[in-house]
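The block underneath contains the structure these notes are about, expressed in structure tokens.
Labels for the chains are A, B, C and D, by order of writing; each one numbers its residues from 1.
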């Protein structure tokens, strides 16, 4: 598939205006990490090339290049997948475990939460679990109620594990490389609908990193701060562009790391604009936005011009019917509406 | 054990000043529910009397009285336990599934979140899952990192399941009865350290109910609102009493139902006092308190005298050493400190 | 195998009616998707029709099933009405789930179609609960959990079979072994020589059967149902078969060895079954053609009904989350 | 069973040293709790000493284990130092886990004691990862996962044995079948005639052995280790035993049939093993008494060390959550 040939071909030689995708960036990040460190290994369902190199092709080419001992397809057994990753990490490896879809983490929560996130602490620092858990989610394909949940708040609430969610190819590369090198468990949330979107540019080189815990100001602005991550960071950028046409200057912050989140960048921007909108696809109630809104409201008490607003997914399972699926999550239009309200 | 004889004996005949415990209240609620509705059934590890009637004795007497077909001890298999409860509920029963400790929900999250919480919606209302999940947690016994987590925020973030957490015998009885009668899944969080505390009083009679979604103002006050639930509601009451001695009038709200939480009661009190403290044992970051603080700050923007404060468990797994365990969660003293700061 | 479980001519014709329906509906579903008239995630069961047709022929309407994303064959065989099925696939308000569930969560309790799950393995724990309810009701109805070969490696399989065995639940665990789990072969993921071997670990009967042979499949299914009705507990059935169209619609099945696929398709159980019915004088070409024509027109009507039906109103997002509608 | 796996006199004495240590430490632990000097949740393994003693005698220091809340016997047998063990039990900063882990999470990687879990079944998936790492390292070291009879019914057991079998991992699954899971009997929860039967479902060897017989237990353990080292994959061992003190400290074990308990205690494997060593002329009463006295004084010192050690500073709550300390 095109992303793979892209990855194979050095950007320099790439045919005319080169484009990249999040998928090709993830694939190159994995390839470069395997190159750089023989302790990096990977496992997951259908991960090796004989099984297609991952259902979306993120790991395509890895097993052919690095062997099926380092890149292993597994049975359908998420507890066993996570356990194998944890155990190998205790023995000095840096496993990258793929849980195909985020909803399937629900069968592996014990391994992730009771073990991966806690072993360093419970052992008094004698052991550690430097694993990466790659998982994917995202509505838009009519897969219904069990295939596109957004559970990041569960993990952000769990001491001992970090959570990242890239929205651009550069960040996908840089965050994944940093996650692999991090000494602790990191959950990398990939968004299916944004995998394939080609954007102009070339893939980062092997030294490129995005530090964990640092947000990106993707657009500077003075009137309103919009905080988001993953696919909706893109929708926020689009909404900000339309707002600009209406003379409203929006600062768009992509958290990139959800836990630990970048308080400093967010609070600085919020203090500057005094108007904050937080947007995610996850259910609004008890979602990631609640922690950020509560913190901003506490830290900037009396300094805000408007109450912090939150947009999130509907309070329901993800519906099947396209009509309902389209209505489920905020999009650029709904973000723009909220921006206009905040600006008024 | 005393709680059981208590339950058996009618309050009237009870020896002199009668006392009750949360444990005896839960036991009577279950007994009365089994009496009232033949469709009520229960399952869990060591639940039946042959296996001790539950590790803490909450279900003691049930299997002897109602038979081991309705009250079943199970293998150690939480997915199977939840699946059996879900399936039986689809066929018209009202199962009460016990997940012995809250940390063990991590092996059953798929059944709870992808199925119990979603089947009504995904079936377009053709089926429903009127189950109760009873689970227990609570630090204080040196059981360490895997036996006393507070995961209520995960479930509150999940559309399709309700979450309650009683802090008094009356509420334990009334909430459990309401949960059993509710047409949808309800997670009942019991707190181990408070099971056995005897308080004066008699057990509610079989008609007593506490509606889901209604908080309790356990102490009226005018200066500061403290919002809490479960064990720390008791600590909050104690802190409020000490504050009163210092001339500070604290209103103590016990949420009782965490999801859906009682916005009206909380916002009314917050509007009255203008100073709010939210307290729970769960990790503060991305915890239940975040949603409540964010909502109050948004709804009462400009009307608060102080920023909403949150106290929660430390950002770490629950530690073993008594010294550390004592330092982990807020207690009456730390709540009082926070009250004094807010009052200043 | 007792001969009493051998299907007679009437039963075989009954099974064929179901097979013909399943076969025609799958062919149609893929045509409709290609036509662009209805977009959906679709997991073709083409090649596996005999298994649910024979299984359902041994069941009553009040028997219940829990099936999976690849389960439309199980559901049609059990009696899921075509119109509301197609309307659900199209995400219309007239769908059995009002368009909220879709292909992976089709539900129709009237015919005992209680749960369709998209989570591998999760049909089994829930089927146990249906079986427990049957015990409590004092009814001899049974529950069937269908799942694939790959699902036999996940924890829920083990917990479910153990609990069903200890509680002697009237549950039939029907594994449709099509030799692949997504792109993974049976051998690459499954350590058992045959999945039926796992029954020993639960002290229950485990039977491997040619799921493409209607007579053998029916006999095994009927015997398992009889045991369950008699209170003798669960049975694990491993029905051998093959999926002709890959894992899901659009799957380039390059990972399937060419010869393996060729051989399987040459052994397509549907035409073979059809020919045998005629050869054995159980039905004439004309009779079967009539059945098939009837089915085609029923499907025509159902697809049209789906296309003509309205989409759900967005306030449906606030309904069926709980019994009580959520305030706007 | 090949005779090459029979323990010789030296090996038997080695096993007895471990047994005596385990036995004495359990007796002491319960005394110390009763004395009120140290409060802890405690799951006595009294009666199960032979199993880990024999297992460990077949292991090297670089072999690794994942054990459970009822695992202090496994750990002492594998070489967990007494002083840091007792300090951890006392929740002191000198404990192996700085007092953060406690009895259910004891860890000592230097001796291959990698994980102690309080979650039933969860020792197994992690042991697979240790085995995978050994494969990657090209090392012949092995991993052992210990667990109970009740744990053989949870999903993690099944997923782990299947993966280990498919990947031919050097992992030994050591089930200590003490016939109870908390208050639940084997029969009430476990459908397999014997847990070893479940090995067939993974095409691996499954052996039931008298875990109270040091010779038989060693032979089975040594053979499983040899297979794992040779790259022949995992073994499931079901070691039959009994826990004398109930599930945990304070458990009134009224649910255990009196005769069953009486018979088990009369067959206490420790004095029997001891007597046999003397009867077979492998050791004299004096030699064994000397070993036991030595152990008692080591335990005296360890308990004293624990009592004299300081409690952890509360800022430890911010350490070891991540590699980087969390800001106050």
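Criterion: a contact is a pair of C-beta atoms (placed from the backbone, for glycine too) under 8 Å apart; a residue touches a chain by one contact, two chains touch by 3 or more.
It should be emphasised that the depicted structure is a prediction, and the values quoted were computed from it without experimental measurement.
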*asked:* Based on mean C-alpha positions, I'd like to know which chain lies farthest from subunit C.
replied: D
*Which pair in B-C, A-D or B-D has the same interface as A-C, with over half of the contact pairs matching by residue number?*
B-D
*With chain centres taken as the means of their Cα atoms, state the distance from subunit B to subunit D in Å.*
36
*Hey, how far is the Cα centre of subunit A from the one of subunit D, in Å?*
41
*If you average the CA atoms of subunit A and of subunit B, how many Å lie between those two points?*
33
*Interface hub residues of subunit A, defined as touching at least two other chains*: 74-75, 77, 79, 103-104, 106-107, 110, 114, 121-122, 144-146, 159-160, 314-317, 319
*Contacts with two or more other chains, residues of subunit D listed in rising order*: 95, 97, 99-101, 105, 117, 119, 153-156, 159, 162-163, 166, 188-190, 321
*Which positions of subunit B touch subunit A when the two form their complex?*
79, 103-104, 106-107, 109-110, 113-114, 117-118, 121-122, 144-146, 149, 153-154, 156-160, 259, 282-283, 285-291, 293-294, 297-299, 301, 304, 306-310, 314-317, 319
_For the subunit D and subunit A complex, residues of the former touching the latter_ = 64, 66, 95-101, 105, 107-109, 114-115, 117, 119, 122, 124-137, 143, 155-156, 159-160, 162-163, 166-167, 319-323
*Would you mind writing out the residues of subunit B in touch with subunit C in their complex?*
41, 69-70, 72, 74-75, 77, 79-80, 82-93, 95, 107, 110-111, 114-115, 119-128, 159-160, 162, 183-184
*Please name which positions on subunit D make contact with subunit C in the complex.*
153-159, 161-163, 165-166, 188-193, 197-198, 200-204
_Residues of subunit A defined as touching subunit C within the complex_ = 45-46, 50-52, 55, 73-79, 103-104, 106-107, 141-147, 314-317, 319-324, 327-328
